């Protein structure tokens, strides 16, 4: 049988376009930064490859490039996370943090920072453990028959998230002055310490997750029609939902552990892409992967160059761009 | 064959080691890390305001190429390029300055940044001054890094003399007033034992009313009233106007001896919380507040 | 010939609440079977059990001669389609995209349709009379159009059995008849078995060959409309008095008319005198 021309063509075309956008964004992020250098000098530095010495070389290849790549990974993960949760909760305004994944990861990471652990593997590991614990708790609270109801996951998530916020505030009130700053920066999202090892380790976790989500993309289409319909169309709904939750919480908590909390990306990107490209998840999964990646690379670039005296956390930029865009979209769709 | 191996591999390595030996000295910093320090560092980045002050006090300001935000003393430091705040250092700006030495503080500078600088081959010497005595020692150590031993000799001798003068003065005063040292306004934060400020209070002839295991404990208003401090000192983290309103707040509670005797003071937080030579100034000021000059005292 | 459904001593409930008890009946292939009964009688629950969405607490349900538990979900979806109650879809899928989802049980993981699948989709849309709206979003459709989209999706599954949960609720008269006519045509032309939950006794009686009257999870009566729609059975199930006469459209079609006035009470006036 011949595959359907329109849909496969659409997927291919959009992948190509957004991948191009991502590459341009990455190039801009490597070329621009807080410290100067003409485009020509940067081009020469890039052509010389990462091997050569010198401050400019170090900045381009060992500071800006890993940072841009980490931003791309984070952006892709958060956008996809938002996409999945919107399908799971059948609510186009859901975002990946809503089920307490962020709360759990934050509690774990802050504990790690307070114990004075290294960012990797100490803080990262604890964040991961925290988010998986919370995910398990949410699943347990919403288990059985309840899982299939539209709002039970949402309610369980909101409750657990509120509890986590209380724990975070409690931990912050216990923490010492100089650690407090670190925690605050982490809570606002921070990519400044990216290195290639980190980028690689994260990619090893994320790549299989991305692939799995693409394979599950049509299942997400069916889920948006409601669990009964999805089941009647031949989907093993409970299995698929648990699978989606596991994959998403794995990739979100891994990213959160490395980069801190960056809000609004998971809310805004899937929404914008859905408005432009339509609701088919077979298109949206690759679109979120490349488009979300490019978006966060540009946000992080903004965060780096906008402040003269030192940088601003990327979470501040995403929130400042994201919130107004989101309100605009919301009003537009309402009308 | 063996000779070829020697000539091709071992000899260059030996040569390299010899070369390093001449231009770099392997030193152990205050955290026990091995750091290869150039013998005459020319491009130094100070990763905290206190380090900047020490370097200027040693008359090596000309070697500084970068400082952190809030490095406002001496005024010459304000014109130097900034590399972020000491809590949130900007890696790219540091590297762009091509420093041959960075000097870091353990409390505040994130270890992750220090590790990255290490990985880029930029030597980072970390200090961790824990008390008055070790601040003075740290000055001597930084002097060794920056070839400023003669300057350090004069500076350190002066600091030690002034510290001793305070000690002598308070030894003659038998009473030890209870001091509530407030570094945070909302919430009320004071200082515990084993902090620099605690040591300053004790050396200046007072008792730290909030000496306890937590370094920067929080207090409620009623706890402060129960402590009944003789003196309340507020640092200027939130400046002038705020001080007046905080002072007014306390003045509602005449049960507190400090309020009754009108002994609520404002001090400049910069000289109290930076491990720099100006800490001795802070000590002298504190001693002046706790044990004011009385008619008939010998002038110091 | 195997029956479409064979239900043996089925019971269902959760916690202390029993919803269905001791139900045993069969549905012949090619039947037009409607389930009626008052609110809370367990009609929708029974339909969910038939659809294999929920599992009975006890008893067995066989579909086309095979226990429902022995089916793979996807295989079951090729035998049986479900048209659920109208509910809002928040995602801006187009009519064509929604109808195409009906082909899912016949396709791979990504649900990429072949030319033949697209032909089937177009046919189903023409059949249900929505072929002029392929690019419209569900949110832009009327209730009747929406219901026909879901019907077209069910038809695309090419099932032997089609289950519907109150498909005519909230539709105007013309749309009610249109949906029911479509079902009758599917039953006649494609030999589909139609099982429908309905609130509208008279509309159901016009089409059904067998009706099941439920009350508190139990069978009150089962059989052809003319046999089970009696004063006694309606009184037993709904607790109200009705007049039953013969529908002018046909000898064997009963017509049920409730008698007003039962709850008009002088004892409980709205305003105090």
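Labels for the chains are A, B and C, by order of writing; each one numbers its residues from 1.
Just so it is clear, contacts are C-beta pairs under 8 Å (C-beta built on N, C-alpha and C of every residue); 3 or more make two chains touch, one makes a residue touch a chain.
This is a predicted model, so every value here is computed, not measured.
*Asks:* Once you draw an edge for every pair of touching chains, what topology comes out, line, ring, star, complete or other?
*Replies:* Contact map by chain: line.
*Asks:* Across the interfaces A-C and A-B, which one involves more C-beta pairs in contact?
*Replies:* So, comparing the two chain pairs, more contacts are at A-C.
*Asks:* Where the centre means the average of the CA atoms, what chain is farthest from chain B?
*Replies:* C
*Asks:* How many angstrom lie between the centres of chain B and chain C, each centre taken as the mean Cα position?
*Replies:* Going by mean C-alpha positions, chain B sits 79 Å from chain C.
*Asks:* I'd like the Å distance between the centres of chain A and chain C, where a centre is the mean of that chain's Cα atoms.
*Replies:* Averaging C-alpha atoms per chain gives centres 43 Å apart.
*Asks:* So the centre of each chain is just the mean of its C-alpha atoms; given that, what is the distance between chain A and chain B in Å?
*Replies:* Roughly 39 Å separates the two chain centres.
*Asks:* For chain B, write out the residues touching at least two other chains, lowest number first.
*Replies:* Within chain B, no residue touches at least two other chains.
*Asks:* What residues on chain C touch chain A, complex-wise?
*Replies:* Against chain A, chain C makes touches at 14, 48, 51-54, 73-78, 80-82, 84, 87, 89-94, 97-98, 101-102, 104-105, 109-118, 157, 163.
*Asks:* Sort out for me which residues of chain A touch chain B in the complex.
*Replies:* Counting only chain A, the residues touching chain B are 33-35, 55-56, 58-59, 62-64, 118-119, 173, 176-178, 181-182, 185, 192-193, 195, 304, 309-311.
*Asks:* Which residues, counting only chain B, touch chain A once they are in their complex?
*Replies:* Interface residues on the chain B side: 69, 82-85, 87-93, 95-98, 107-108, 110-113, 116, 119-120, 215-216, 218.
*Asks:* Please name which positions on chain A make contact with chain C in the complex.
*Replies:* Touching chain C: residues 1-4, 7-8, 90-92, 145, 215, 217-219, 221-222, 224-226, 228-229, 231-236, 274, 278-280, 282 of chain A.
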